[in-house]
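Before we start, here is the structure in question, set down as structure tokens.
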């Protein structure tokens, strides 16, 4: 745990000899000290992934120049890359509908100093959480919605997100389907949570179906939102044991506990710059 | 852990007042002592389930008479029921194809005295496990199969099962679809194991699909075999964590470890008379 | 999930033939319908345990008379027993010091309707959570403490608990040792949470020791408080995986998440009348 | 999964700027391609750890020269290091007493191609597993022992290990304390498995104590054997849930299942050159 700020590079590129050496050499030449590096090669796809975190104390230049210099190396190696800094605090908006369990959990962690971000807006299609927002000192934006006003409501949501300046959108049980403009504006920066089952159940009442089938495990999946509902790259998953004693409402309750934990883990991983999206999946560095 | 034999009643019936009292009273009048009782009421369906295990030392009659007497009570309450005795050792056949991990695990547990059954036959469509069968002293029956001989092969398998006298059939990664006659002959007495995913994947290469999607958990489900392949009542499920570092073959390997454990748990629960099938699901008493 | 109130009997007594029958018969004669019954026999100790939950709709008498009648049966069988009713809402006090993660989680669950209790007091030796208490509408009692004022402070805490009328005390990371009077006044009704390790570490900085030893799992244990600090009957336990990448502060953070979940499970089990204390241990019915 | 052999470097040294760059550069200059690299810095202790795996196809020199060259870099950086090659098959001896569950599991995995090693000897103080050894085609060495012959027996065991040429010793529930000569001869190359509890229990019958205390979880720990019995660097740990329904013998049974799985995971990690011992702990790379 270094207290002085660090730089964090997330990169992917076609695999070739010498990539680790070139990146490490780049950092060394700048007088940076690598405090964490992790890499992965998808040998079937021939793609190289890396996360490198290094100290900035002795680096004799500003952050823009640092980025410019790395851009040259990145070009040579056809890298996609992202550079972030540990003292940049991401601005987060939480979207929520009726169920407040994930919202509460995130706010409690945030106020306990466990989430390195600023929660700058809570947005809901219901008034229910206004008081909670006030307690935590976060502005609450209520945008009611009905089938006719969906497009308009989403435009208002997008306006707020843009106006406030948001880096990450967390769908903490936000039960509205997002339209393409919002998805597009925050691609790879919207995290959603939903229940998961083995086997999967189609249709509107999965907990009821899971109950009929007598499943012994229920699950939750946190993923980036994409146009394909609930099909975006998976960040984290969890399961919990259930039995014949659990009624449908018990399943729902256990599902909520799980959603809370899995969503928080996913948000933490994203905030720490540990998640790299790639095709339909993610590389989540430790 | 009583060493003298116990009787185990598994029953289900329409729920009504006094069921627990009547069953308990029945046992008491016989001088039986209830060492374990567990019940469950599905209040939506209005069905009552119970498992009662009681001592026989002081019961002044034979097992047939005991069953006859209980039949009268069962009739009055429209019960479906099964009476078994802890010193009756079920006869088990294990069916296996190429992959021997589940077979091995079951035989190792059995030879270590952890499965209270007699393994009386190992049946395979391949010769691969003959040597293993010999080591554990279990007759090995090889019935090769190809698309043309499927019906005939299954008839031969069914003949052996009948001839040897089998109470439970364990499909320890037996990669053949079972026909209706076999399913029918052993309904509720065939346990199968298969992989499970969140989300589920259709088609022939689920591990490859899970890899593409970047799942963080893979699962296994043990269930009773029914005509609907892999859709029978679930007995047990398990999951294990995976990451982007796992290749498809790593996923397969981790999946096998999981199948082994989950199948063994399901077989143990069945052998202890703790599983009651009901609709599409099971009640698995502790 | 029945909506009409139920009675819940928790009992233990020397094991003998006919106990299940007598209790079930008692309920039947009253026109109660048993919706859940679970029993356990510790055959080594010769002790019988049971939890019976039954409907009251058709029971033709008041609750006091019900209890009186059962008392007669209980006497005959030398039972220890407790009768509670699902519509009696226990009054809960939460004691907390600096760390608010367990407090927050319990309040969030409570306000979401997941804990069937009234949280009637939050007591702390610090002012930190007054604002949270106000948000949830729970009176906050601050009693600062130092080594000299310990006895006096505890007396004040005990006075409040008595004055407010409390059924259950939850130590949600309350870092003060409780004296005998408080323990005595709420024996079997104080739930504490603390970290646990494999192997265990003695002394003041267990997380630091766990880090030095390179443990791969850390745990949390919820138990009833007794005079022997952290040695009371265990209600629930959990573990979470850690690795060499986790610093001491990461371990602490993961430990907190775990404490939160394990404490909530234990409180829920207690509130549902599912925990029976017996010797140094508990029987936790499903 | 590359099929051509790879080199695997495990190293640790005082942390300083440029270490990753120098190692990566070393590999690059040799025309090696890094297929996996993982590093860790213990910032409190100021120690750097790394595992680097790279291809050898294009490396224009033999393995000895490769090692000699790396030795120069290692000297400059005061590294402790180990170089191994994926096509070198470690020679493994399994030591076992009465309980065969871990032995069986390891042999089954090995014969299924899941453990990349040669099992070259099974050594026991009992004759019980001779038949199993024969089945798997592994020489069985029986060395009975009693208190008087302990030193002599251990000398015989050490002789066999030396004579056969063994790289790794697995104590698969070998219930004899190892003396210093054996520990010394195979330091960091003896893996042991033992049960673990939260809380820990001292003395001879931990399962019985765990039962009295009513624990809800039991655990197992795989570690390198050192002179301090059961206190060596931890490689892997696992837990499993238990309840009041589990008798002492149930706990023992569940403990065995867990030991089997945890030991296998630890052996696999060691064989893949993923474990680096450091002080009292390990770094286990993914």
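Read from first to last, the chains carry the letters A, B, C and D; within each, the first residue is number 1.
Operating definition for what follows: a contact is a pair of C-beta atoms (placed from the backbone, for glycine too) under 8 Å apart; a residue touches a chain by one contact, two chains touch by 3 or more.
Given the structure is predicted, the values throughout are model-derived calculations rather than measurements.
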Comparison of C-D and A-C by number of C-beta pairs in contact, larger one:
C-D
So, comparing C-alpha centroids, which chain is the farthest one from subunit C?
D
Degree value of the rotation bringing subunit B onto subunit C, based on Cα positions, nearest 5:
180
Averaged-CA centre spacing for the pair subunit C and subunit A, given as whole angstrom:
35
Measuring centre to centre with CA averages, how many angstrom lie between subunit C and subunit D?
41
So subunit B residues touching two or more other chains come to 1, 40, 43, 243, 245, 247, 286
Would you tell me which residues of subunit D are touching subunit B in their complex?
1, 99-101, 104-105, 108, 112, 114, 131-132, 135, 243, 245, 247, 249, 253, 257, 261, 264, 286
Which part of subunit B faces subunit C closely enough to touch in the complex?
1-2, 15-25, 27-28, 31-41, 43, 58, 286
Name, in rising order, each residue of subunit B that touches subunit A in their complex.
40, 42-44, 49, 196-200, 212-217, 219, 221, 230-231, 233-239, 243-245, 247, 279-284
